[in-house]
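Before I ask anything, let me first share the structure, which is written out below as structure tokens.
In order of appearance the chains are A, B and C, and numbering begins at 1 in each one.
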Amino acid sequence: MTQRVRDLILAVLATIVASTLSFPYWRDFSYWAESHSMWWIYFAVGFVLAVYVFYVFLDCVRILFLHDEFEKKKAASKSKYRIPLDIEEGGEK
Amino acid sequence: MKIEYQTQRLSMRFFMLMLFLFVLQIIFGMIVGLQQVDPNLLVGKLNFNVARTEHINLGLLWILTGFIGTILFVGPALSRRELAHPWLIHVLFYALIAAVLWNVYAQGLAMKGVAGWWGGQAWFQEGLEYIEGGRIFDIVALIGFGILGFVLLRTFPSMKEWNEIHWGLAIGVVALAVVWLFGLFYVSRLDLQEYFRWFVVHYWVEGVWEVIHISLIGFLLVKMFDADVKSVGYAVFWGVILVWLSGLIGNAHHYFWIGTPEFWQFWGSLFSAFEPLPLIFCFWHIYLDAHQNNKPLKNAPAFYFMVGSVVLEQVGAGILGFTMTFALTNVWSHGTWITPAHGHLALFGTFGMLVIGAAYYAVPLLRGATDFDQRLGKLAFWLLFLGISGMALAFAWGGTVQMYVYRTLGLEWFGGDVFPALDAYKIFVPLFGFVTAIGCGVLVYDLVTIGRIGGRKQPEIVNRRKAQPTRGWSRPFSGFEAGIWLVLMWIFGFVITFGILSFNLSQVRIEGNPTVPYTMAAIGYPGLLLVTALFVWRFLASLESRIENTESK
Amino acid sequence: MSCPDGSCFEPQKRIRALIMLGLMMLVFIMLSAFSFVSQHKQVTPDQVSFDKHQATDGKRVFQAYNCMGCHTVVGNGAYFAPDLTKEYANAGPAWITAFLGAAATWPTEGAVKSMLLMPHIAADSGVKTIEEYYAKYPGAKERVERRGGKPTYMPNLLFNGDEIPQLVAFMKYTSAMDTEGWPPEVKVKDLDKRIALAQGGHSAPLRSGSKPAAADASTAGAATAGGDIAERGKTISASLGCVACHAPGTTKLVGPGWGKLHGAQVKLADGSTVTADDAYLIESILKPNEKIVEGFPPSVMPPYEAIVSPDDAKAIVEYIKTLN
């Protein structure tokens, strides 16, 4: 199973939980923007967008950790090597 | 590090003004807290609504003042040149003082019902929670934001050289003014007015301030830990995007009961359920950057407050916000003390602690005090942290009782049964307020005197050990352990959430038996706050015990 | 560097994220547009009035006094005092008017009754007798019974002019709003049971003041009968809520102050001048619209002859005399 599929499954699961907690069980369809068909659209669009948000979250947290590993390796292999910092100019030791 | 650009020194006066306004805010906060206990206190002289408005407005204003100070300090360093048009910053400073004084005075007019109506607008004060300032204040503030944005953008290098921190700050400062515009007109429909009021409040706090917060945390991490600017930039970009991806529609959690249609209940619940995600992301970001190389803390108080900011953001904004953000829980918690429990931790915790941290970073540098006594700063941190946590606990427990007595039982307030039911919890608000006030006093004394009073130096306790201990409370802090702490916090968060959800059970709602929600609140809130305090202690103890010459040098 | 192994398509991801953000903005704007179209049938303040007062004006008064700084409305505000959204539906215009006039004291039944004497309030509440009023506005009944005449925690804000009816109009508007089922309906029935539960499940509910404190003027009067007649007048005027509009000094509130009033020369709206003697003052209590004092609009004060006996009116006049 690739990383992507795993992330997607997790995102879908998280969205299902969030949707279950979010569903307004007492709705009364009082006007057209709250009609049954509109509710299906809301649910579908909301679900896709929410899955995306969670998927992105998983992806960028993982990369955050990858960065860290990468930095540590670099520091270990080349302890004298300094990364040029864009916003640094001397000053800090 | 020494100060390279003279205009960075302009930030000092803003930090000092910030401290002054913080003290004022705490004074009004103490009055409001005591009025909760005795509602007759100062009636007719300073009614609760005026004192509370001052408390809220000064809270926002000192944080904004701190933001300005931090941005002025950071701007030249980010741009590698002096601030553009420093005279405008002088204007900004005095305009800010004038606007604050005017607003403090004008809010008092509410006692006589004077709003200064003219041309359909309220010019003196407009009695809308969080944006109580009248048009006069609003317009001066707008000009102030304009000046700040103009100076910052003129100082920045050309756009080609911008990294994500530049972008974050630039967008943040411009959006500060743009979002403010939605509070600049009178709306006669209550539902529409509340709709736009939350545009200002929600998008400011969860859209704009959060962006500034992420950018400033990013910058300070680069400075304090030599973190790599590109990976910090990555974190800033995705932090900001996650804030907006969840918070843009997440604003709908304010539109459940204000007279807007019910579809908001679905949208608001679903997306604000994900609003803690950027905060979890930010949490890992600060953890990883602080652990990339095991450099010891040079400036402990600054880092204490930054950790406090990110952790209380996680707990106050993230977890406590999560517990009450679903329509199913919010229908009970809306309009009760559950809200200020979240509000105090989220606003002071996230933004207040950030600007205090920034002040602790900047002030010693500006005064050239490289070796200052850091103990007072640490003490101030713990007092403020415990004070605000205790207040949140009092509000949360009181709010749970209030949900039951006010909503489930439908009883009445003053003279009725809600007010006496809250008695036991009301006392703890000024009590922990007092702890916070002492913390504020220590903080102000320390920041005002650092580098001034006869060379208070860091006592020689460092370097007694040869290496960081590998066991015990101050052993190195692994990512795995941090994850466990985070999961623990969230477990308690879910206990709280299901506690509020349980108000929907027929056992509670029809039979009126509060055992389930009371038990879950009794476990959830103190559990959450205890885990939070222990986590902060553990994190900081580990960092404190780092010693020089381990790996990084 | 954003992806160490170079396989994470960072620029594409960023663009995709911005596109999704744009989509969300579109969703948000559309939902917002749906929220305020007329098909939604949400009530607007220009559709609601109380007597000749508009809810739109009431909203300005509501903001000017920063009511939200203590109360909440649609659940937003300060959590220090009750939520006002459904206050009109719960307590009704007569109770609210009586309360706001002298907010430092909980209105007694006499005060609510005297408000019901005003034609516009009676018309707006849609009832004739206090019993019907209580049936329609149960909040008023509970409050009068449990704490009528006792001090409140709300400061007396000394509203002027039309501010009170304007606020009533605003609360009528918020009551009419569809707030999607908030605050949630109370499903625990029986007030005594609820009070007992709130007080920690005592079997015998401790209803404070379950006996009407000063339910109406005659009881209050009878209780002190035989005592000082002026003192009795003071009690009656307090229980009727007279002090809401009439200051004990010479200050003009809604009506003229009572200080130095007895025996004074009073100029009437028709240009004539009368002496404020006992007979004039009694008539002004029982049939206030017979002679209107210059500078005061007519039909503001209800005719009290329905609920105040001539003896009680005399007692009030005796009390007014002591204020000279």
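The rule we apply is simple: a contact is a pair of C-beta atoms (placed from the backbone, for glycine too) under 8 Å apart; a residue touches a chain by one contact, two chains touch by 3 or more.
Because the structure is predicted, anything quoted here is derived from the model rather than measured.
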Task: Pair of chains joined by more contacts [C-beta pairs], B-C or A-C - done: B-C
- [ ] Averaging the CA atoms per chain, pick out the one whose centre lands closest to the mean of every protein CA shown.
- [x] B
Task: Furthest chain, CA centroid comparison against chain A - done: C
TODO: Could you please state the distance in Å, as a whole number, between where the Cα atoms of chain A are centred and where those of chain B are centred?
DONE: 23
Open item on the list: Using Cα averages as centroids, what's the distance between chain A and chain C in whole Å?
Closed with: 50
Task: Chain centre separation (chain B, chain C; CA means) in Å - done: 37
Task: Multi-chain contact sites of chain A, meaning residues that touch two or more partners - done: 30-31, 33, 49, 52, 56, 63, 67
Task: Numbers and ranges of chain C residues touching at least 2 other chains - done: 1-2, 17, 20, 24, 27, 31, 34, 40, 178, 181
Task: Numbers and ranges of chain B residues touching at least 2 other chains - done: 228, 230-231, 234, 241, 245, 249, 261-263, 265, 267
Open item on the list: Please output the residues of chain A touching chain B within their complex, sorted ascending.
Closed with: 15, 18-19, 21-25, 27-28, 30-31, 33-34, 38-39, 42-43, 46, 49-50, 52-54, 56-57, 60-61, 63-65, 67-68, 71-72, 75, 79, 83, 85-89, 91-93
TODO: Spell out the residues on chain C that touch chain B in their complex, using ranges where they run on.
DONE: 1-2, 10, 14, 17-18, 20-21, 24-25, 27-28, 31-32, 34-36, 40, 42, 44-46, 56, 59-70, 72-83, 106, 139, 142-143, 146-147, 150, 152-157, 159-160, 163, 173-174, 177-184, 186-188, 193-195, 197-199, 208
TODO: Could you please specify the touching residues of chain B with respect to chain C in the complex?
DONE: 35-36, 39-40, 43-44, 47-50, 52-53, 107, 110-111, 113-115, 117, 122, 125-129, 132, 188-192, 194-195, 197, 228, 230-231, 233-234, 237, 241, 244-245, 248-249, 251-252, 255-265, 267, 331-332, 334-337, 339-340, 402, 404-405, 407-419, 421, 509-512, 514
Task: For the chain C and chain A complex, residues of the former touching the latter - done: 1-5, 8, 13, 17, 20, 23-24, 27, 31, 34, 39-41, 178, 181
- [ ] Please give the residue numbers of chain A that touch chain C in the complex, ascending.
- [x] 26, 30-33, 45, 49, 52, 56, 59, 63, 66-67, 69-70
